[in-house]
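Letters A, B, C, D, E and F name the chains as they come in the text, with residue numbers starting at 1 for each one.
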Amino acid sequence: MLKYIVISVSLILLTLGYSSLLLLAGDVPTIESNAKAIADGGVNLDTVWVLIAAVLVMFMQPGFALLEAGFTRAKNSCNILMKNLMDFSLGSIIYWIMGFGVMFGAGNLFFGTSGFFLNDTGSTFDSLSWSTVPLECKYLFQLVFCATAATIVSGAMAERTKFISYLIYSVIISAIIYPVSGHWIWGGGWLAEIGMWDFAGSTVVHSVGGWLALTGAIILGPRLGKYAPDGTPKPIPGHSMPLAALGVFILWFGWFGFNPGSTMGAITDIAHIAVTTNIAAAAAAISAMITAWILFKKPDASMSFNGVVAGLVAITCPCAFVSIGSALLIGLVAGILVVLSVVFIDRVLHIDDPVGAISAHGVCGAWGTFSLGLFAQDIFSPGTTGDGLFFGGGLKLLGAQALGIISVFAWCMITGFILFFVIKKLVGLRVTKQEELRGLDIDEHGMEAYADFQIFTTQ
Amino acid sequence: MLKYIVISVSLILLTLGYSSLLLLAGDVPTIESNAKAIADGGVNLDTVWVLIAAVLVMFMQPGFALLEAGFTRAKNSCNILMKNLMDFSLGSIIYWIMGFGVMFGAGNLFFGTSGFFLNDTGSTFDSLSWSTVPLECKYLFQLVFCATAATIVSGAMAERTKFISYLIYSVIISAIIYPVSGHWIWGGGWLAEIGMWDFAGSTVVHSVGGWLALTGAIILGPRLGKYAPDGTPKPIPGHSMPLAALGVFILWFGWFGFNPGSTMGAITDIAHIAVTTNIAAAAAAISAMITAWILFKKPDASMSFNGVVAGLVAITCPCAFVSIGSALLIGLVAGILVVLSVVFIDRVLHIDDPVGAISAHGVCGAWGTFSLGLFAQDIFSPGTTGDGLFFGGGLKLLGAQALGIISVFAWCMITGFILFFVIKKLVGLRVTKQEELRGLDIDEHGMEAYADFQIFTTQ
Amino acid sequence: MLKYIVISVSLILLTLGYSSLLLLAGDVPTIESNAKAIADGGVNLDTVWVLIAAVLVMFMQPGFALLEAGFTRAKNSCNILMKNLMDFSLGSIIYWIMGFGVMFGAGNLFFGTSGFFLNDTGSTFDSLSWSTVPLECKYLFQLVFCATAATIVSGAMAERTKFISYLIYSVIISAIIYPVSGHWIWGGGWLAEIGMWDFAGSTVVHSVGGWLALTGAIILGPRLGKYAPDGTPKPIPGHSMPLAALGVFILWFGWFGFNPGSTMGAITDIAHIAVTTNIAAAAAAISAMITAWILFKKPDASMSFNGVVAGLVAITCPCAFVSIGSALLIGLVAGILVVLSVVFIDRVLHIDDPVGAISAHGVCGAWGTFSLGLFAQDIFSPGTTGDGLFFGGGLKLLGAQALGIISVFAWCMITGFILFFVIKKLVGLRVTKQEELRGLDIDEHGMEAYADFQIFTTQ
Amino acid sequence: MKLIIAYIKPEKLNDVKQELFKAEIFKMSVTNALGCGQQKGYRESYRGAVSEVNLLKKVRLEIAVNAEFVDSTVDAIIRGAHTGSIGDGKIFVLDLGNCIRIRTRENGTSAIG
Amino acid sequence: MKLIIAYIKPEKLNDVKQELFKAEIFKMSVTNALGCGQQKGYRESYRGAVSEVNLLKKVRLEIAVNAEFVDSTVDAIIRGAHTGSIGDGKIFVLDLGNCIRIRTRENGTSAIG
Amino acid sequence: MKLIIAYIKPEKLNDVKQELFKAEIFKMSVTNALGCGQQKGYRESYRGAVSEVNLLKKVRLEIAVNAEFVDSTVDAIIRGAHTGSIGDGKIFVLDLGNCIRIRTRENGTSAIG
């Protein structure tokens, strides 16, 4: 490690921002050399910030893994952990090969057609040129977003999906489905043109994950024993609330990379974004708890955990454009919404989503995107969104947001159904009844998650 | 996300630190424009650092949650997790509405009377003007400190406190109790005037939490079965040492935000602070282990975990003002103290503190605050604390520290007793015997933490 | 906290990088004052980055603790957690007293002979002078590396080693074994002279841990029941795959401090390093899974977890010097290698390594170091490694790498055998049969890790 | 009085309980057990080492009934647990000498229900 | 020889053990069980779906004694476990044909103690 | 028909199973249990509070056999579980009134195997 830099230190210093150090040591500093050094230092700082933010978002992977594992049964834990590990691993490679190019590479209004393997021929990544950080830093930051969208689906399809089928799904979402709609909004595509805004991805990331989860859960059907013959939902309690709680806290922690990091530069706006993010999560945790308390007579812990995620998902789109008070309201609504949505999907639609992914990411992602049209205030980022409906900005922004929500919903429903249908026909989507009863760990992975413990498998 | 910045990039650059970039692009840089750009870059860097530090401290929430969950029984896990989640959620909102103003807003020597809702009329937050970061960044950093104080109490009151009562407690501490004594020391109050120092909050944060925990545990009384009729303490083992250990490691990790972040600016002092923090924790872990080994004949893991926390709490006050060697000694003493204190509180006082919060935070917080009066050395932060007793500075600093410790103790004991007494009268503080036996999870939350496992409930 | 800075703010500003702020406020900025402020700001940024990186690496401690705890039986969990806690605690102190001096202090080609207690007489730490950060920051960053090497061993020796013996081992590795070979490569020793490169420590850190683990596991012998009388290996499943998975994700997260942080300065290269690190881990996770799938007919989760670690270990040496594509290949090979190695060590050598530490750290550390000789490309860090074999650079680099691998292997095998042999003679290395059957938690620590659960101990 | 012990497939517990309730048997005790019988186990492998698992998860019921209820209880269990495939389980019937209700100290046949 | 099986409330295990020790019964075996009896269960809900839990946690004791100890054993259990409220539990007494100590191969009444 | 209940040391389960298989006993049921017997327990302390643990982990076997197999079963268990040290365990033999195979409704001696 060391010698490398001993030798190359002057080179690095010269090219990467400490020219001033060398100058002090020998050359005489000039106004121009100072200006250059300042600019280089700024790039270094931006890189440090965006890299750290990316790393925080990467850490959301175990957050999702634990939340999903905790909300499902012990006999399927290895399986859900492996799915979470593998979608990130496969995604890392596929997004490098193809996804990043499709999303941000130069192309048309619908998808990028260049920039595969991070191949940059100069203007390939103009859609990201507003950030000063190196291309690889941009790739890493965007990759962890892609992985977030991908991993959401595993929760809704938990405890019954074939492992190999999940791997195939994983590749397709990272290569095509996520990057294409991402291109529409962040890659210079048609929704951006129309004036839709999604600061850190309520729609781009979370709704995409949520709606794909919806298609997956529909095609799969519910877990054995989830619904009585008369349709009454039966509880299938998750096996570890401590793991789930830890998962939720990790997600909250990682979201401080997700939202503030989406500036992709070290500007003081990150403080405001962090605060709106935090207060929305807090408000949603509380409102979800209260809603559950009213509906079920008890403050259900799992619903409060979903509340946190719901608040975070909702504020992801508007975090940079709304006041703290608005963020609190957006969070409050998200917390109520997620509980009602979980109950509705379970009791009325009879779609079995073990972890509430559809509600937290799909529904609250849509709510968050929509809420920007209501609560946006021009003062927070002058010259961007303009004011929302509640602040006198009229329906223009709201309309664009609604169009964005609907288009992405349609895109995901169509591609999701096709994808899962094809997988079902080709390799099958669901394990056998016997495998489901015994647990996917034994049959898919040949092992148990908790070998020293006695696990109930009465359901 | 992207388009927002594509449009506003020049605005941001101009106002937030990359003026140099623009200048390079078009305008000619001047000495003044360079100086401005340097200052702006410094603010950006400060903001990045303080925000990251705040996020690390925020992550201490699951640290506490896991430590407390691990040290208590499986049948109360949902409950303790919910308490930890909710004190942070409620705190986030209350501290924004009121707590931050009471603590740092302009007011008198005893409490702030302005700055509610972060409303800054210019000189409202003069007490924090020494830091360059945006007000919202200061709020976030201080909020996570408040939440730390609040969450300490849940551990000492675990396994028997009514959920609703805990929520009420939570609101009051974040709104009043913590901010008031905090104002005395950090908000320009009377203890600061007198010359008491508490760099990162051994007293401001930890002792406050610890002493409130003490009042709570006294008023509640011990858990059923904790003491034999003759007063002999019986072990009620915690249900998961791995979760507790993870909690402790997370706390250690988060403390690198807690202490070094309290510079509230990116200065090289953070290295020294990080090192003193780390070595005190290490020393305390070892000395707690050895003390337990001598007393109980075995190196009790739970005591070593408490040792880490004790060392961290103790070094929190003096971390910026003492040498590495002194930090090691302060940690060593803290590790011994925490074990003796746990045993004393349990065997002699018969106060039931399931997780050792009173000892680790109250007692070791006091010790850490006191130790500054002994070990301070002027050279580390010239012109601040001056030298402590052991370095020829006499008793002046020690006296101020002692006064601070006592005043905050008195404040917490009085307000704590009043608060818990009132709650007890109004809504009750403790669950019924039947609920305690069956576990708070089932009766307070209607669910179990480990649905697939068979849990012993023979105690 | 606050007052300290209120008073000292001008002092700090003057000395630590915001001279520009003051200047703006009063003095007139000059080109020189600007240049000075830029340089100071650079040092501040470097310090922030390296400190954060160090903290991320520190967090790898619970990563290892959970991975090792998860891969072993519930009855030994307290023990393995305590070992992980104590090697870091002891290491923090010993490395300050002695290890850091032996590794980086001025001395000869084989070890440092000065710089104990961080005592710097001016040129003591010339071997680290290429980094601008304060000495204490360097110590902290290097300490967490040392602790990583130390903690690797606990996994391979798990479930049968006496606690006190492990503590002794821990002190010796942090004081002598790790620092000496570290000096050879990073402290200006003979391997650096010869032209061996190890960017972030595939050999310096991981192989050292891995080879010591090998000697320990050999001297200890296998766990009771690990091998049938005819030598057939029997499975002794780990007790918690969720904890293990979380451990692995934490390691992956922490590695973004480990590798990019090894620049010990905030330069844009960190983006490239982060990306190579990530893609190698991803590739290795996938290739390990596929290898296990082919060999055992099922995608074993534990092997995929080892795969992640293997990929990270392998890329640690070459991360700054190879392309993304090369990193992918290096990871792919590491993932295959780790599975084959685990199987070989288990089935053929009959050495019992419960967590696969020898394979993941020893073997893949060697592979990573070797791979640099194949894949290095001068363009990534001009003037350092030069090109490797596959890029036309011939065998020179490869030879130096091979020599480094072999020398460190020899050093560790010799000192490891001596160390464990001496400990065995002096205090004994292994617990009794009865203790091993009942579990180390009860006999070594007098407690259980999962008091509320019923644990199987049929093996 | 008789003591009936039944080993059934875990996932059948609910069905068996329903059938017992229908047969007006409301009292029972349940434990987890591992069973070895005609049902084939499965292979588990961990890190390449393979083991045959032939102890499969079962649920053990213990039901004390007065002699005249034995048949209806056995029938109810069979109705709930029967799938026709190997592993369905066994029912054992033992003589029960006495039965005492702790709460009231009643004993004999009146204490059972 | 008799085999005594008792179901008690988990939190009463320690008291029962004390009483048994006082009655000089030092040997016993304990398992966890779920019991269904007169004691009402409780409602659990998870994410809005409700279930009636009527299998409550119980502890199962198994104690083999010579015939002359049956009464004192039963009395001891009742003394330890009795609270007077529903759910206190049941004691079953079965005939025990033989008892063998593995260590010494002794059998019959001398092997029991 | 007889019902054999055996308490053994957990680590002996595999050996006992092997011996039973050799003796052609392929059916059994296993539960975890805690046992109190001649074997001394140990002291556990948690945060300075001490408790005597005298309930030690045991494995409980339940094996229903036809009368003629009782001896060979008991012998097999002893062969597998015997170490000669305190704590080796006990075997209890009870009369079994009836045995029913749920899958086929067979009962009596033919249902046992």
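Following the convention adopted for this analysis, contacts are C-beta pairs under 8 Å (C-beta built on N, C-alpha and C of every residue); 3 or more make two chains touch, one makes a residue touch a chain.
Source: prediction; values computed, not measured.
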Interchain contact steps from subunit B to subunit E (minimum; 1 if touching): 1
Shared chain contacts [subunit B and subunit F, defined touch]: C, E
Copies subunit E and subunit F touch via same or different residues, half shared test: different
Rounded Å distance, subunit C centre to subunit E centre (Cα mean): 53
For subunit A paired with subunit C, centre-to-centre distance based on mean C-alpha positions, whole Å: 30
Cα-centroid distance, subunit A relative to subunit D, in whole angstrom: 47
Mean-CA-position distance for subunit E and subunit D (Å): 18
Of all residues in subunit F, the ones touching two or more other chains: 31-32, 44-46, 94-95
Multi-partner residues of subunit C (each touching 2 or more other chains): 31, 34, 38, 41, 45, 48, 52, 237-238, 240, 246, 296-298, 300, 302, 446-448, 450-451, 453-457
Those chain pairs that satisfy the touch definition: A-B, A-C, A-D, A-E, B-C, B-E, B-F, C-D, C-F, D-E, D-F, E-F
Residues of subunit A defined as touching subunit C within the complex: 1-9, 11-12, 16-18, 20-21, 23-24, 29-31, 33-34, 37-38, 41, 43-45, 47-48, 51-52, 54-55, 58-59, 61-62, 65-66, 69, 77-78, 81-82, 84-86, 88-93, 96, 117-118, 133-137, 139-140, 143, 163, 240, 243, 246, 444-454
Touch list for subunit D against partner subunit A, complex: 10-11, 13-14, 32, 42-46, 57, 59
Footprint of subunit D on subunit E - complex, ascending: 2, 5-8, 31-38, 55, 58, 60, 74, 77-78, 81-95
Residues of subunit B defined as touching subunit E within the complex: 225, 437-438, 442-443, 446-448, 451, 454-459
Complex contact set, residues of subunit F against subunit D: 3, 17, 26-31, 62, 64, 94-103, 105, 111
